[in-house]
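Contents: one structure, followed by commentary.
Naming follows writing order (A, B, C and D), and every chain is counted from residue 1.
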Amino acid sequence: MAGERSTLKVGPLSFRSPFFLASGTWGLGDSLERYFTEEEIRTYIGAFVTKGLSLEPMEGNPPPRLAETPCGLINSIGLENPGIKVFLEKYYPLLKSYEVPIIFNLHGKTVEEFLALVQILKETDVRSIELNISCPNVAEGGIAFSQSPETVARLIRGVRESFSGLLVVKLSPIGPIMEVARICEEEGADALTIANTYPAMAILSYSPLSIIKGGLSGPAIKPLTLRLVYELSQKSKLPIIASGGILTGRDAFEYYLVGARAFQVGTANLIDPRAVIRIYNEFVELMERYERLSD
Amino acid sequence: MAGERSTLKVGPLSFRSPFFLASGTWGLGDSLERYFTEEEIRTYIGAFVTKGLSLEPMEGNPPPRLAETPCGLINSIGLENPGIKVFLEKYYPLLKSYEVPIIFNLHGKTVEEFLALVQILKETDVRSIELNISCPNVAEGGIAFSQSPETVARLIRGVRESFSGLLVVKLSPIGPIMEVARICEEEGADALTIANTYPAMAILSYSPLSIIKGGLSGPAIKPLTLRLVYELSQKSKLPIIASGGILTGRDAFEYYLVGARAFQVGTANLIDPRAVIRIYNEFVELMERYERLSD
Amino acid sequence: MDSALVLSNEALSKNIYLLTLHIDSQKASKFKPGQFLKILFDDQRLDPLIPRPYTVHTLSDNRLQILYQVVGKGTTALSKVIAGQVLRFLGPLGKPFPEDLPLPLGLCAGGVGVAGFSFLLQKLPPSHLKSVKLYYGTKTKEDLVRLELFESFGIDIELATEDGSLGNKGFVTDILEKDLKRQGISTVLACGPRGMLKRVKELAERHSIKAYLVMDTFLACGTGFCKGCVIPRKGGGFFHLCEDGPTLPAEQVDI
Amino acid sequence: MDSALVLSNEALSKNIYLLTLHIDSQKASKFKPGQFLKILFDDQRLDPLIPRPYTVHTLSDNRLQILYQVVGKGTTALSKVIAGQVLRFLGPLGKPFPEDLPLPLGLCAGGVGVAGFSFLLQKLPPSHLKSVKLYYGTKTKEDLVRLELFESFGIDIELATEDGSLGNKGFVTDILEKDLKRQGISTVLACGPRGMLKRVKELAERHSIKAYLVMDTFLACGTGFCKGCVIPRKGGGFFHLCEDGPTLPAEQVDI
């Protein structure tokens, strides 16, 4: 792959780098330029995945929204975002100027909302979406979709009817994931992101009691998501984009060995905004060493 | 609870301490004496849970059986054990002499094997069992049970018919856990252990490729199991014995706050064989501080 | 991320430490008072996972100091670091203290909240120093660390301890209140526990003066990416502490 | 668990370090050559989670040394430890080297596998030393650490490097083989990479001498609780390295 880097294809798109910036871990992307040169963006960042975007602006959840756990991070952001229209107007033009593929991560409370989001994007030049059917931090929609294969079928069928671009579905690690993956394939999705965060909980103070229920990300979950990618890649023909605890090139390489073809860097961005460059370089080095070994 | 420590009741049994040594993390218990005084065993160890015991001796899985992951441990022991009969003859008498309640963790490949194990125990003075329907490391039985509420119903009904002692069921965190818990309650189990390890995977070397598929334990999973205990304790009336990443008194205390009534110390024993003493003391101190605060 | 060499890491009281780092001087010149950095351990260990934020306590040339209190895992680990080891950091992050704060300026510090004020004092025009007063309160005498440093600026200082072991007995906001009543202060910049900040906010409203609160919450990115560090905004919505703060106008926060 | 004060932690080559600890002398007296300890960091950080095992390299009074190679997260973290810090440990663990090993004794070390032999040499009756020969091989010259120490015992030493930069060029087992052919050795105690141990096992069988292999695998408990550290036993079943080993009779292991 190191050699064919410039032609990594997922669905109808090709990417210069297999490393994507995961949804919600680089906000709306407006500060990419502060941490990368344009050259670095073009070289290292295969795609920028937007924060989950909804029809209307969302304020997100009240604090606490974060807690650290051993080698993990719980977040309960609750999809704070300015809504798809504001995003298209205010943020998208700047992002486009970076010449990096932009994947729109979409959040609908219902199938109908998802379809309405896609209708809005049809009026634009947007060619890539990731359906977030797996957010553990919202009262409606989100992870509930991933529990119901029938709803997922209806959703993807509807989206596919009106959207011919890159259609990625981001699954929850919880629930009937094998069945949901099969349905995504049947209904014509182009790729799967495996996986979103794991429902988790932490207690921040005892008196008064303060708890957070949210999604667990980071290195703690990597062995779990690695297992899922391994199982799924044997069952599904769709290309898998791995997401879960990728902090080093080794992590990505391990996902590659079990079948993933692209990688999302999430929590790592929160530790170091330039993490993706290090991860990319480590990965390429491992790829080269490994190809030599298997000759 | 600090005050009523001597009367912690779970089902028909009472325990001096709410801290149990989790199955498989203290082997067959023959070296308890090497790390604890008799007094310490009586004070700090609420119960000793045996390694999973099967009808026939089991050799366990070939190496690799272990891998460390960030803040977690993957094991794939494969229930290496000498079989119930050898255990009763060779290990049980010594264990009994420690005057600590002994819970027999049982592994059957089928419902029938479980019932046969219980028949054998009926001929003895054994009064407590934990049904392991959640081991991720065996080809037959184990975690497969936890995926099938009907089988669990049949299993517990069968066991309950012939066994009147403490009947604990150890659930898998994966699968329809709410439904399985409900069935355990309906069929007359006395308590639930929440939860066994999480199916996970690690790659130990690239060339030649060496992987391990096994169960993830340790601090990494605590936020996940904490969430399960929280959800289950609102749905189930059965007392919950928490198992998952308890390394400190705080960990146990958090499980207590979300509804657990006893605690199993697992991976912590592998780090420090005397961990349970520290954890117990930290827990009691927190309990006392918290009771004072909530006055 | 940049590297920092640990020059010393000294316990000033049971739980309060002074960390002295050597950093690149060009990088150092970018820090302004009120900004913070996130510190990462340089040893592949992933726990704690997220680098913790600390305010710049003092800075001269390439010598950057941090004053911190041990409260949990990250600060405990930091307290075990010793001279000669290397750390990594990200910064400067966050907005500086507002410029040209109207004088007379009251600096109100609860405990280790005092940390960032010294860098401000280092940077203030010397002529302003006589119009600055530090209100500094802790639980007990031994936590009143770095007094000599603050005295060296020649500013007015009033101390308070909850147990009365040094200075006024009681809360630091009690002494601040007296001065506000006497109209001796135009602006307050406050940093300390949430309860203290609430009280400062009340006092500022009551006495119609401007107050800024340097706030604290758990941060993940510190760079505005994750939207995790919210502080409710008066009238609805949220501040993101790492981007909009850590210094926020008291009248705009809803705490 | 017991405490150990770090007296020094010195790089001997790019990846090989010598850690010197001060431990309680009563505890020290319990260690026998071939036994190991597990080292835990004393700072609440949970990564690496499981304390790593290390053989006692040298021991006198309360000064215990460990010779280790940096290979992953745990050893990297250990390499960053410096004098003055405190570590915790559990031990002694495992079975000592067999007593009264028939002479002449060959010690066959690959790389840092040499670590445990020095403690054995410290404890052997001085009269035995002339009947001990150390075969010590590494990839390259700079990894042949602690030569002075081993020379100080007055034993026979033969060196090998894969690149021929010092001693014989090739594998350490090649020089061992020559001596076995000459029937100069009755017992071999070998510690090193799996490939080397396999070769020693073959050679011992071919030359009908007794060999013991000091083996390595990832350990969790180190105390026999978890059953994770299995080494296949010839004829079926498994050894548990931490309980039955780490030194195992070559003819009984299936590697």
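Quick notes
Keep in mind that, in the parts below, a contact is a pair of C-beta atoms (placed from the backbone, for glycine too) under 8 Å apart; a residue touches a chain by one contact, two chains touch by 3 or more.
Values in this document were obtained by computation on a predicted structure and should not be read as measured data.
Interface comparison, B-C versus A-C: the higher number of contacting C-beta pairs is recorded for A-C. Across the assembly, the mean Cα position most removed from that of chain A is the one of D.
Chain centres here are Cα means. That of chain C falls 50 Å from that of chain D. Our note on geometry: chain A versus chain D, Cα centroid distance of 46 Å, whole angstroms. Distance between chain A and chain C, defined via averaged C-alpha coordinates, is recorded as 36 Å. Counting partner chains per residue, chain B shows two or more touched chains at residues 70-72, 218-219.
For chain C, residues that reach two or more other chains under the stated contact definition are 46-48. Chain contacts in this assembly form a complete graph, since each chain touches every other chain.
Residue ranges of chain D in contact with chain B, taken from their complex: 1, 40, 46-51, 90, 217-221, 223-232, 236-238. Those residues of chain A whose C-beta lies close enough to touch chain D in the complex are 70-71.
Contacts from chain D toward chain A in the complex involve residues 46-47. Within the complex formed with chain C, the chain D residues making contact are 42-48, 73, 76-77, 80, 82, 84-85. Within the complex, the chain B residues that touch chain D are 24-27, 31, 35, 51, 59-60, 62-68, 70-73, 75, 77, 80, 218-219, 247, 267, 269-274.
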